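Shared chain: chain A. Partners: chain B in the first complex, chain C in the second.
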Partner chain A sequence: MFKFLEPNKIFLITSKATKYVMVLFILVLSIGLVEALVLSPQDYKQSHSVRIMYVHVPGAWISLGIFSSITFLSLSGYIFKNKNFFLIAKSLAPSGLVFNIVALVTGSIWGKPTWGTWWAWDARITSMLILFLFYLIYLLAWRIYQNKDKVYKITTLITIFGIINVPIIKYSVDWWNTLHQPASINILSKSSIHSSMLFPLVIMTAAFALFSLLIFLMKYNTELIKIKNKGLDRL
Partner chain B sequence: MISEFLYMNGYGLYVWSAFLFTLLSFSILYTIIKIQYVKERNKFISKFGALDSKKAQVAKTQNINKEILSSTQSI
Partner chain C sequence: MYGKKVKFRFLFIILIFFSLTLSIFLVLKSLEENVVFFKSPSDVKLLAELENKKIRIGGMVKLSSIKMSSDEINFIITDFKNEINVSYSGIVPNLFSEGKGVVAEGYLKDRNFFEASKILAKHDENYMPPEVKSALEDN
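After this line comes the complex of A and B, so read on.
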């Protein structure tokens, strides 16, 4: 089962894909930046500060998506006894952490002109900070524990506890009175955001997703070479 | 015109710092991952070069080793 997920086969693809992903990322990011900073309109209430949304929202979305993927991969690795799932999860984590930091910092910068404060212990911000701590603990666990079986067990446990926080982040704006507004974009119902703002948001999200793919490919290749280095030592 | 674009009705400092922070974070992450990649690859190449001919033959039978040695990509 999962023979297509053998590292040898994946390396053949990942080692060649990085340069194409890099070119595509630069192209999409350039379009996204022009759309976000020049072509998209200013908000009638928030004026130009609304442009921060184009880096803040994709950062938050992708950090949540990556953590969910890490949890799914860790659980799958544990259920199917496939070590490669853990390797993929580990390679996704650095970009997830950076997107989480981007969401927190740009949110803080956006908060100052909008709410008059850099930070508030609001439900959405606090739960995002908790996610950041989970990312940090997850990455630290990989550094601290050398025993593979132990690290697989511990990182899976961290993701199980961490995933409880993901729906809390999503629904925090509905469950509590927070400074954040309710979701403007809904997949199942009509979005309240205008298409002139939705388009740059989608482009910037695509650019961020491509960047996380690029980092994942590079990190995954590094991890595979690390394993091969150990293999050469055993020869 | 340009100063108006940079000033953004007084929100320029916030908008530009948010975008610059994002791009700076991306650059730092990319550089760290790239350094790690190059370090491991160089380690692999030097280890492979240190193998005697018999061990090198065994190592060469694995496709992934050949791929690592032949990957001269500049990401």
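After this line comes the complex of A and C, so read on.
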């Protein structure tokens, strides 16, 4: 199974893809920034501080999405004994961590003028901080354990623990009283965010996703080169 | 299609996952009291006894209930079933206004009176430009 995933063939594609993704990322980011910072209207209540949302919300979405992908890849890697899945998961983690930090920091900057506090120990914010800790532990485990079989098992276990936190983050605002507002965007019902503000949000999310892809490709290429140079370790 | 070992590992993962989910669910259920960020005025009415402990009360600022004097702000927090009088002296956040969400941190004097030491404004999930807001109000 998964015979098509041969390192040489993958490297041929991933090494070329980097520059195209880079160009696309710069293009989408510049459209997104102009939309978010200049063209989109200010909010009726929070005025210009609504613009922080265009960085905060995509950051949070991407970090949750990446953690879910890491879990899925690790579990598949463990069940099918496929090393490549683990390498993809490992290469995805750094950008997830970065966007998690982005979400926490911009949330704090937004919280001060809006709520009147930098930090509140409410369920949404605390569970997001726990996700950050899981990212840290996950990345540290790759650093600490040299034994490959051991590191695969341990990182899989970390992701199983961490993934339970993901639905808690998503639904914390519905299950408990929180300071954080409930979700504005619903797939099933009408969104409570005006279309002129939804557009920059979608573009910025696309830009952040491209950035994650770019960092992923760079990390993944490095991993493949490492394997090539060693000549012993095969995917 | 898959070997015995693959099936075994799959079941093993499922087992770990469900036992972990169950234990975390039970932990959160028993800690519910601490997971909620604030109590509503109705929760306060149902309190068995008043403890001299710092708590947070959240809800809407009742319309035309804000009374400002030189050193104190008085207003009413309501959840449209019960309400509670709040007194506070200090700076309120910009978004603190009538008909909007608020969380007050402080001490209960009795079931109807709360002395706040900190006021947080709660923002709702609605985002729109000012023109849309005024158009909505006209309708």
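Quick note on the criterion: the second predicted complex is superposed on the first by the 231 of 235 C-alpha atoms of A that agree within 3 Å, B and C clash if a C-alpha of one lies under 4 Å from a C-alpha of the other, contacts with A are read in each partner's own complex, and residues count from 1 in each chain.
Here is the rule we use: contacts are C-beta pairs under 8 Å (C-beta built on N, C-alpha and C of every residue); 3 or more make two chains touch, one makes a residue touch a chain.
Bear in mind the structure is a predicted one, so any value in this text is a computation, not a measurement.
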item	value
Touched partner set for A:Ser68, first chain B, second chain C, both or neither	neither
Partner chain in contact with A:Pro113 - chain B first, chain C second, else both or neither	both
Which of chain B and chain C A:Gln42 touches, first, second, both or neither	both
Partner chain in contact with A:Asn82 - chain B first, chain C second, else both or neither	neither
Partner chain in contact with A:Phe11 - chain B first, chain C second, else both or neither	first
Partner chain in contact with A:Asp122 - chain B first, chain C second, else both or neither	second
Residues of chain A that lie at the interface with chain B and also at the interface with chain C	42, 113
Interfacial residue positions of chain B with respect to chain A in the complex	5, 8-12, 14-15, 17-19, 21-22, 25-26, 29-30, 32-34, 36-37, 40-41, 43-44, 47-48, 51, 55, 58-59, 62-65, 67-68, 71, 73-75
Partner chain C, residues of chain A touching it in the complex	41-46, 50, 53, 75, 78-80, 113-117, 120-123, 157, 160-161, 164, 168, 176-179, 181-184, 192-194, 196-197
Touch list for chain A against partner chain B, complex	7-8, 11-12, 15-16, 18-19, 22, 33, 36-38, 42, 47-49, 51-52, 55-56, 59, 94-95, 98, 101-102, 105-106, 109-110, 112-113, 211, 214-215, 218-219, 221-222, 224-226, 228-229, 232-233, 235
Contact footprint of chain A on chain C as seen in their complex	6, 9-10, 13, 16-17, 20-21, 24, 28, 32, 35-40, 58, 92-96, 103, 118-134
